[in-house]
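By written order: A, B, C and D. Residues from 1 in each chain.
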């Protein structure tokens, strides 16, 4: 209990907690859950984007998309490493993802149907992710905070590239404009859901705030995202699919319509358009790679034996 | 020996030999080899054409191509049945194909690279096949002769459709004409090789003639094919890729250049552009279907047991 | 009759047929046995034939001078109106059988109703198609039963395939304004009315196949309005390539 | 310098890079482990980058106002100049490694020579590419050895992959009139001269991997002259679809 008080004092003083430091078991568990979910999201997030690598409409866009997907694999690696500092192995985490026990961001259960979706994912999904993640650069747990600094830098680059795709499309021909609007129609609401339910309905929020894992409420971040995105959509000449959207002069915020939380909970429960596809693809890659990983282990063992001999 | 003489007399009298009739063992073997090679050729022949089913450039052409490939599967089935009347099972024949022990027409080891190849295959490959097969409608072995009547009727339909594709292309735009010429360039010589080496160099020929399995020499048939094809190429406005090709007024035939028999023997020996692909596809389909065939057998056994009970 | 819903209604029929035909066409030369190779090519041919009839009529109704090929090869994914079910990949043979069985058993009932359409042309097309589809359905149902009641492996594969695809079946019975127009004009049945007979038919077949009918849970939808799965884009890229690469050419 | 062979020479370099990049790009999200996912995306990116440099220069040499995208997305299969080897499908991981290893080990030697090209622009591109390719080759060679000298299964798969692809290696060392032009102008090496060092390098790696070098037998050729295998058509249909479907659009 004394350690608990000391721990809270350190956190309150904005000192970083490091792997070897004592920490409450619940703090450790909360971080493992959050960091691994984040890592899994990077990995699963490669799938909707990977879907357009072979069909990117120009060499420049193909190169940018490849670089982005590569970054995501890199983010996954940092984040798994950060989670490992808390005493969980990557194999365990992978097992949790593949068995469906661990969660990842529900947004990646939506399909990328046209090239414009690659734009919309960059603009809105990475945009929302950054809103969520910037505060995490100051998270009380050192390894996570440091990983997030690097992640956020790259994400904001991805977000700009996504917006740039949307800009090209919205300045393009009629088919391109239609594609862009259709993508916005499909991604807008799921992007708003990325911030999670209202804090009133959200588990873990209060404790995470106290531990400085979390610094803003879900609703605050969502509002921030809407306020940033509406003028961007206007700049693109696209219509946000929300009849209730309007500027509230007094509050200095955009008011928006009600979110269909049933959809959110459905997708979370496994009933999204691509939940099965996403998990099956990861399982398939893992299963197909089993003999390769086994060969690598066997070779390493032989090499070690040869050196020992 | 007396039976042998009687047999030859029947054959000479153009009487059909039927499955239950006595026949020389060498006659039976020759027919099994020839009919099963022919059946295998129909089956493997589906592959280069099947390659364009999903990409056929119009719905009408897609329908025609599907019908053609369906016919080929049908031909394969008749021919396997005809071979079975000689005391060999379809499983044995399939096994011989998949193990690489049995041969099939080498022409199907060439790739179909553009849509024009579907035209060229119909025009030239089916055209050459018909030249080979029409005499077989009078083959001394009844079941084979009867199967060939049906096969030839459909093949000549396919040949006309192939020519019609070539005609559309050669009346089309510059890219289509180029496609057509390129296809002719690649398929012409392999089509001439379909008749086999000069009879002087060909095994089995004399005996097959005596048994009325074969009625014309390879060179006669090849000449017939060239004489028929050259005016067709002229009608298409395409150039046959043979600098030595010229009309011999006196003989009433087209004289043509030397065939690269090395290529023929290479492809026969397994060294053609698609030998591995063709056999691998058949093996893969067979292997992937094993559990299905097993299930069908298990179900049939259960049904039989239920009826018996 | 109103042109727009009439055209849309025909497109849905044509797109279901074409996309089914394309998927079956992919399987030709990959079947588990030679008889099945023939059957698959034959069924793909039926589908392409049906698509051609529906498209040709749709193009006439539209009156914009388009033809069957322009409708098949020059529309974007977002303009395709087929059910999500029919665009699902072939997977293993059980998966193909499951997809075809679940679709054909509804399509058969729909076509049967369409033979009595107030639109004589649709009635004629349906009269021809219904026989082809009846044969396909019988064949496919027989495989469902053989695989379901075959070996342990085939049973498990068949059950998994049915479970995996079940979420695409709900869409077949949801009426929208186009379907309501068709029902009101006696052009075609209300999809909702097909569900009960479909259920009975499917239930009976699954039972005979010793398979378990999945629980109705969350259903994916959107195909009829152009919101597809990620699979359709690849199918179209391959199918449409020639017409896209050589615009205006005749073949 | 003569425009035509110069353009053709650059196209070959660009097409090898692009088609390699496309094949590697197909594998992203399908790798056996996360580190390899990153490596594949990275290598695909290198390849696309090299293709862009070669195409951009080729287009300048051609002087017809085409750009990198027109060369990549609006040429027909028959105009593609890549080696047959690089267009072969990914297959299992051993097959991918075999293809990349056999190609990269020749490409590396070629690029090294190209850094001394009399064409300064090619020398510059090669100087950049050679570092990327050296890294890719090291990585790929390491996998060749790990898989060859890993388990029995991985050994067999690796040997089979090498055996299957061997027939596409001969093409890399056959000089034609374009290569002879390049050699005469000191633009690039004669491919025949690459064979001996390639042989040594490959022999040494196969030995370390406990693999057997296949006998040199019949070799398939034609890629440099537009005579490809059946695989390239599908690759192009997918890769070029967007540019074919929306001609003239900017992205």
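Here is the rule we go by: contacts are C-beta pairs under 8 Å (C-beta built on N, C-alpha and C of every residue); 3 or more make two chains touch, one makes a residue touch a chain.
Computed from a predicted structure; not experimentally measured.
K.L.:
So which chains count as neighbours of both subunit B and subunit D?
P.N.:
Chains touching both subunit B and subunit D: C.
K.L.:
Could you tell me the distance, in whole angstrom, between the mean C-alpha positions of subunit C and subunit D?
P.N.:
Between these chains, centre-to-centre, one finds 41 Å.
K.L.:
Starting from the mean Cα coordinates of subunit A and subunit B, work out the distance between those two points in Å.
P.N.:
Measuring from centre to centre gives 57 Å for this pair.
K.L.:
How many Å are there between the centre of subunit A and the centre of subunit C, using C-alpha atoms for each centre?
P.N.:
Computed value for the inter-centroid distance: 37 Å.
K.L.:
Could you list the positions in subunit C whose residues touch two or more of the other chains?
P.N.:
Where subunit C meets two or more other chains at a single residue, that happens at 76, 237-238, 241.
K.L.:
For subunit A, write out the residues touching at least two other chains, lowest number first.
P.N.:
Answer for subunit A, listing residues that touch two or more other chains: 55, 175.
K.L.:
Viewed as a graph of touching chains, is the assembly arranged as a line, ring, star, complete set, or other?
P.N.:
Shape = other; not a path, cycle, star or full graph.
K.L.:
Touching pairs of chains, all of them, please.
P.N.:
A-C, A-D, B-C, B-D, C-D
K.L.:
Considering only the defined contacts, which subunit C positions touch subunit B in the complex?
P.N.:
18, 21-22, 25-26, 28-38, 41-42, 44-45, 48-49, 51-52, 55, 68-69, 72-73, 92-93, 145-147, 149-151, 153-154, 157, 238-239, 241-243, 246, 248-251
K.L.:
Give the list of subunit D residues in touch with subunit C in this complex.
P.N.:
The contact residues of subunit D facing subunit C are 76, 234, 236-238, 240-241, 244-245, 247.
K.L.:
Give the list of subunit C residues in touch with subunit A in this complex.
P.N.:
Touch list, subunit C to subunit A: 76-78, 164, 167, 217-218, 220, 227-230, 232-233, 237.
K.L.:
What residues of subunit B sit close enough to touch subunit D in their complex?
P.N.:
51, 55, 111-114, 175, 178-179, 182, 186, 266, 271, 273-274, 276-277
K.L.:
Considering only the defined contacts, which subunit B positions touch subunit C in the complex?
P.N.:
For subunit B paired with subunit C, touching residues are 43, 46-47, 50, 53-63, 66-67, 69-70, 73-74, 76-77, 80, 115, 165, 168-169, 172-173, 175-176, 281, 284-285, 288-296, 298-299, 302.
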